[in-house]
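Each of the next two complexes has chain A plus one more chain, namely chain B in the first and chain C in the second.
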Partner chain A sequence: MSDAAITPSGHDRAGPSFWEGLKTNRNFLGFWFMLPAAAFLVLFLVYPLGLGVWLSFTDSKIGNPGDFIGLENYEWIIGDAKFQLAVFNTLFYTFVASVVKFAVGLYLAILLNNHLPFKAMIRAVVLIPFIVPTVLSAIAFWWIFDPQFSVISWALRKWGWISGNIDFLGDPWNARISVIFANVWRGVPFIAITLLAGLQTVSPSLYEAATLDGASKWQMFRYVTYPILTPIIAVVMTFSVLFTFTDFQLIKVLTNGGPAGTTELMATMSYNTAILGGRIGEGAAISTAMIPFLLGAIMISWFGLQKRKWQQGSDND
Partner chain B sequence: MHTDRRGFLKGSAAFGAGALLAGSGLTDFARAWAQASPFKPEKGAKLTVLRWKRFVQSEEDAFMKLVEAFTKATGVAVNVINEGLDDVQPKASVAANTNQGPDIFWGLYSLPHLFPAKCMDVTDVATHLSKKYGEWFDSAKTYGMSKGKWIAIPIAYNANVINYRQSMIEAAGFKSIPQDLKGFMELMKGLKAKGTPGGFALGRASGDGNAWVHWALWAHGANLVDKNDKVIINSPETVKALEYVKELSSHFAPGTASWNDAFNNKAFLASEISLTNNGVSIYAAAKAGAAKGDAKMKEIMDDMNHSNWPVGTVGKPTEFHICYPMLGMKYTKFPNAVKAFLDFTMTAENYNPWLEGAVAYLSHPLPAFDANNVWKSDAKLTLCKDAGRRTLTAGHLGSVGEKAASALADFLILDMFASVATGRSTPQEAIAVAERQAKRIYR
Partner chain C sequence: MSDAKPVQADDSEGMSYLDTVKTRVVTVYIPLLLILFVLLFPFYWMVITAIKPKEHLLDLDTHNPLYTLAPTFEHIKALLFESEYPRWLWNTMFISVTATILALIASVFAAYAIVRIRFRGAQITGGLIFLAYLVPPSILFIPLSTVIFNYGLFDTPFALILTYPTILIPFSTWLLMGYFKTIPYELEECALIDGASRWQILTKIILPLAVPGLISAGIFCLTLCWNEFIYALTFINSQEKKTVPVAIVTAFTDGDQYKWGSLMAGALVGSLPLVVLYSFFVEYYVSAMTGAVKE
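Presenting the complex of A and B:
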């Protein structure tokens, strides 16, 4: 036994010392520490996701687990004009809303980064659209876009700019633009405040140096601010794209996908099909079809993050 | 919009509140009823009822009184949960899937037919009631029965009628709403010409939108499916219906393509439109406003009236009123209490005050209730009496089950009409989309 006490580890021996070795093995211990987190992820992320994907291969209905039918659901939705329209709407909605949100958010962040009077208060005010519950703001927009009572139509009419009310949500393109506007309004604060946080990490000495070198405002932004902000932009835009792509509440309240499906997003279509229409398999196929798009968005930002090393001068390994 | 929403109404609190009712007529009757009823609740039974959230406050008040009386008479505590109309179906479906949840669901249209195997057989209750109050209306049988058995009790209908302003249709040269398609078109044209257009929802309005487009479809003799559930939407009749609606919608107020169920109420009460389709809740709102001394509301209340829908080329009414069936779940531990509750609800002494409380917003499924006071109280409301007789059922010629419900939930018909009316598609294109979708649902 004294031998064992002197030998620091027992992994070169067989028998009971294997357990001893295991007890001091950091990887083994680490596994047990990770287990709760892993169980949590499996239970609340992997399982629902896996179940969703599995359901998309079945003809499951509410009250009936259904049978495996292979790719039938996918074959159907790909040929479905309403699904095609929903994919187009979702991509259009995500792309336009994300670009506009980024542009406005960045502009706002740069503005707020200046020394303004009541800076703290203005920053707090900017966050308001983000704090208001989505459904509440959707109802507010519902009134703003009302075909009869819209405050915008009313004001424009008072000024004599238009003769009749604007059909915000009744005309397909007006409706698309209106819901995008509502989404942008809600999404800008998140981007603005996050980018502002990024801006504040930029050391003033960099700007001083740039000023000494005679850089213009634009050059300072392009060659100092923007590169340093890139990683934050990548993260914030990933989130923004994901949130926008999976948006549900605004559409549900404002148009419910109407008129005639021209504002239907994949998320609302999936809900209507699976929960209200009772065709769970088909609804699951619609939501599973969102995954490749979301993965694509994540990959783009991941490569955006990778670029960071190269930008900071180290090897692009 | 209701601003005074109450999330939950704890029916179990009825124990305390019930004391106030002690000795009232309803409670006395309830005790006598409990003695005589063939349905004896289990000892210690408790029920949870999930119902659609009321549209008229006095209806809910009357319902809660009924629930309290039931508790007093039988000792069965009843917990009532209120949910928005669109949320009842998903919740019921999940409950049916997982075999747990409320004992009783009160939803709309074909809810029980989404999971007929999970619904209690309540044939004895239905038979018991029809012995007392006459034969169930045909539409009630369609909604309530599956394979020769009753799986739900169709408690009431919500009549969806034409709401109009008398002065405005008179200005357009009409005394009343024409009861034929051609005359109705002329009326809508005339109203638009006078600067007081009407309008029907073409947005995804599950209530008003579905009601009027199905009327238009059926009025032209078109149907989604035949009696064997074969898809027959691709027909010259459908084209005619689409062309009619396209022309009709050209006379609408602007913005109807975005209307959901609440838009037309708002517009009508603001005198922005002269005619629309709705339950009688607009009238109720105008009345409530007038009672508070609002002169504008009084003017609308006095001027407005209701009408049945014009009868189309098929020569019989093709109206589509909402039905509210109440069903017991098979998994309940207290099936007899469920039956007792269903029977108690439909018993005249309870049902009549409740129907009155609903101020014609709801209509009955059994002929004996034609005598209810609400049908004599106000001539403008009397027409709702026949909602259960005049209505066709979801799926019409075809089955009333999950396929019909699916087609409704997908806005299959509504989107078909909307895409033609907004000029997005030709009738043929819209029919092709709907046909493909329908064939999938009805395969």
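Presenting the complex of A and C:
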């Protein structure tokens, strides 16, 4: 319906004036309603995004706007071994953490989809790692991963599995695994609870039909649950990959990129370069370099999963 | 289907009556307990460290570290009365609440305009807002810091109050769009015929019906603000203006061997308000999380 014809009746004026027409004009109203959100997003999101790309082509420093220097920043960082290591770390961190998070999250969702006593309470408890601020739980992990007084080392020593303490954050590969563990710990609840919401929409009669046809548990998961879940998995994993790739807090608190840059991610490196080092242009180049990776990751997780959806013909149901 | 009794016992669970108790223990309860243990242990460790006496903290051999027989509140007391912690807590609360309110107001208008006013380009605007959701703060903080500096907002609470809504608006707009879509058109048409303005429709019809959505969006926004780290770390310099996550990382991480007590106490007290809020609104949280994803 077009409400351009419906003018407020209790008004003094006789005919629909220009102002009256304007007041009910969709585009005019829409503009004013969108204004607050648009103002925020343009001023503090779109403009900085563009500015970031621009800064990456300048030699800007803190307190000095800098001049346009073309691709010099990019040429410099691409040749920089520290940057190459950070790119490798970021890709490794994102890939391993996302795969593990997805596997554990899906498993947990399937477990929670069972008939359980105290189901609502368990579900509420599962989400707690997601609610507690990342930095604060990262501090708890920092203490758990302490080189001398780690409770994990203590327990393993008590059981006689190891003789000395494990240096969780001081050894390159231990540090990588430790931060990935903390990231998985933080991310699993979100994935599990959203996938659980998806699982609950699957009709039990589909499983009954599959059982009558002699399907095994795995087949039921593979050919019934998974295809139905695919769209929601695509969305959840896109977000998960995105936030893992741009992670900053966990690394900053746990290792600050150490030991010797082996856990440095692109986000922490850009912070160290631009804010601590004052080389804004170079830092902006590092963070701008994340954009193509992000787009790639989004494409893979989005289209990759969408494609499977067609192949399995889940649009039949 | 001869075994009919258990079917009545749990009618909601299609096939699980085919499993024996033993299978269920092995395939469901044990893995679930293991995962729950791993998910909760850091919090237990946080609590137990926060109430342990100093001298027990670093002495794992004479005192079993998993529990304490001499709980003490010295760390929490020191935190609340001898440090600037209450100030940081207040900063965090003030900034989170203000940013959430700003974001909700902007999102309500935006979501209503996109779903119901349907101006030209409404669909595209909705898509663009979703894209904004995918722009992470980690690639914005460097240019934003120069913007904040040029606007004269550096090291003021407004640096965070004005930038947090950019993280919140895309999310809450999408959530509210979902809620507004469920409200029948007819209600609005009746109101329009009765001479109500768009403003009246929004405040008297739509908002009262969308209260659950507003609560979901509100508490979720609050959590996101409380959790935010990179902007707070970059835009705030003075110790007394910091938020809890940033302050705690910068203030207690000096060389002190016994820092762990105050660190854990700080982390515990900083998480409690959110956990309490969460325990009251679990369902809203879940619907916020799943709602925004499903759209």
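Following the convention adopted for this analysis, the second predicted complex is superposed on the first by the 260 of 317 C-alpha atoms of A that agree within 3 Å, B and C clash if a C-alpha of one lies under 4 Å from a C-alpha of the other, contacts with A are read in each partner's own complex, and residues count from 1 in each chain.
The rule is simple: contacts are C-beta pairs under 8 Å (C-beta built on N, C-alpha and C of every residue); 3 or more make two chains touch, one makes a residue touch a chain.
Keep in mind it's a predicted model, so treat the numbers as computed, not measured.
Counting residues of chain A touched by each partner, chain B versus chain C, the larger count belongs to C. In the superposition on chain A, contact is made by A:Gly170 with chain B only, not with chain C. By the touch criterion stated above, A:Thr211 is placed in contact with chain C alone, chain B being left untouched. Touch criterion met: A:Thr255 reaches chain B, while chain C stays clear of it.
Of the two partner chains placed by the overlay, only chain B lies in contact with A:Ala81; chain C stays clear of it. With both structures placed on the common chain, the touch criterion links A:Leu276 to chain B but leaves chain C unconnected. Once chain A of one complex is fitted onto chain A of the other, the partner contacts of A:Ile162 are absent, as it touches neither chain B nor chain C.
Judged by the touch definition given at the top, the superposed model places A:Gly52 against chain C, while chain B stays out of reach. By the touch criterion defined above, A:Pro147 lies against chain B but remains apart from chain C after alignment on the C-alpha atoms of chain A. In the superposition on chain A, the residues of chain A touched by chain B in one structure and by chain C in the other are 146, 148-149, 275. Within the complex, the chain A residues that touch chain C are 1, 3, 6, 8-10, 23-24, 26-27, 29-31, 33-41, 43-49, 51-52, 55, 60, 104, 107-108, 111-112, 114-116, 120, 122-129, 131-137, 139-141, 143-144, 146, 148-149, 151, 154, 185, 188-190, 193-194, 197, 204-205, 207-208, 211, 232, 235-236, 238-239, 242-243, 245-249, 252-253, 267, 270-271, 274-275, 280, 283-284, 287-288, 290-291, 294, 298.
Residue ranges of chain C in contact with chain A, taken from their complex: 10, 12-16, 18, 24, 28, 31-32, 35-36, 38-40, 42-43, 45-46, 49, 57-58, 60, 65-66, 102-103, 105-107, 109-110, 112-114, 117-120, 122, 125, 129, 132, 134-147, 162-163, 165-166, 169-170, 173, 189, 192-193, 195-198, 223, 226-227, 229-230, 233-234, 244-246, 248-249, 260, 263-264, 266-267, 270-271, 274-275, 278-279, 282, 285-286, 289-290, 293-294. Only residues 61-63, 76, 79-82, 145-149, 164-165, 167-172, 175, 255-262, 272-273, 275-279 of chain A touch chain B when the two sit together in their complex.
Only residues 86, 89-90, 93-94, 96-97, 114-115, 117-118, 202-204, 253-260, 263, 266-267, 270, 272-273, 402, 405-406, 409-411, 415, 418-419, 422, 424, 433, 436-437, 440-441 of chain B touch chain A when the two sit together in their complex.
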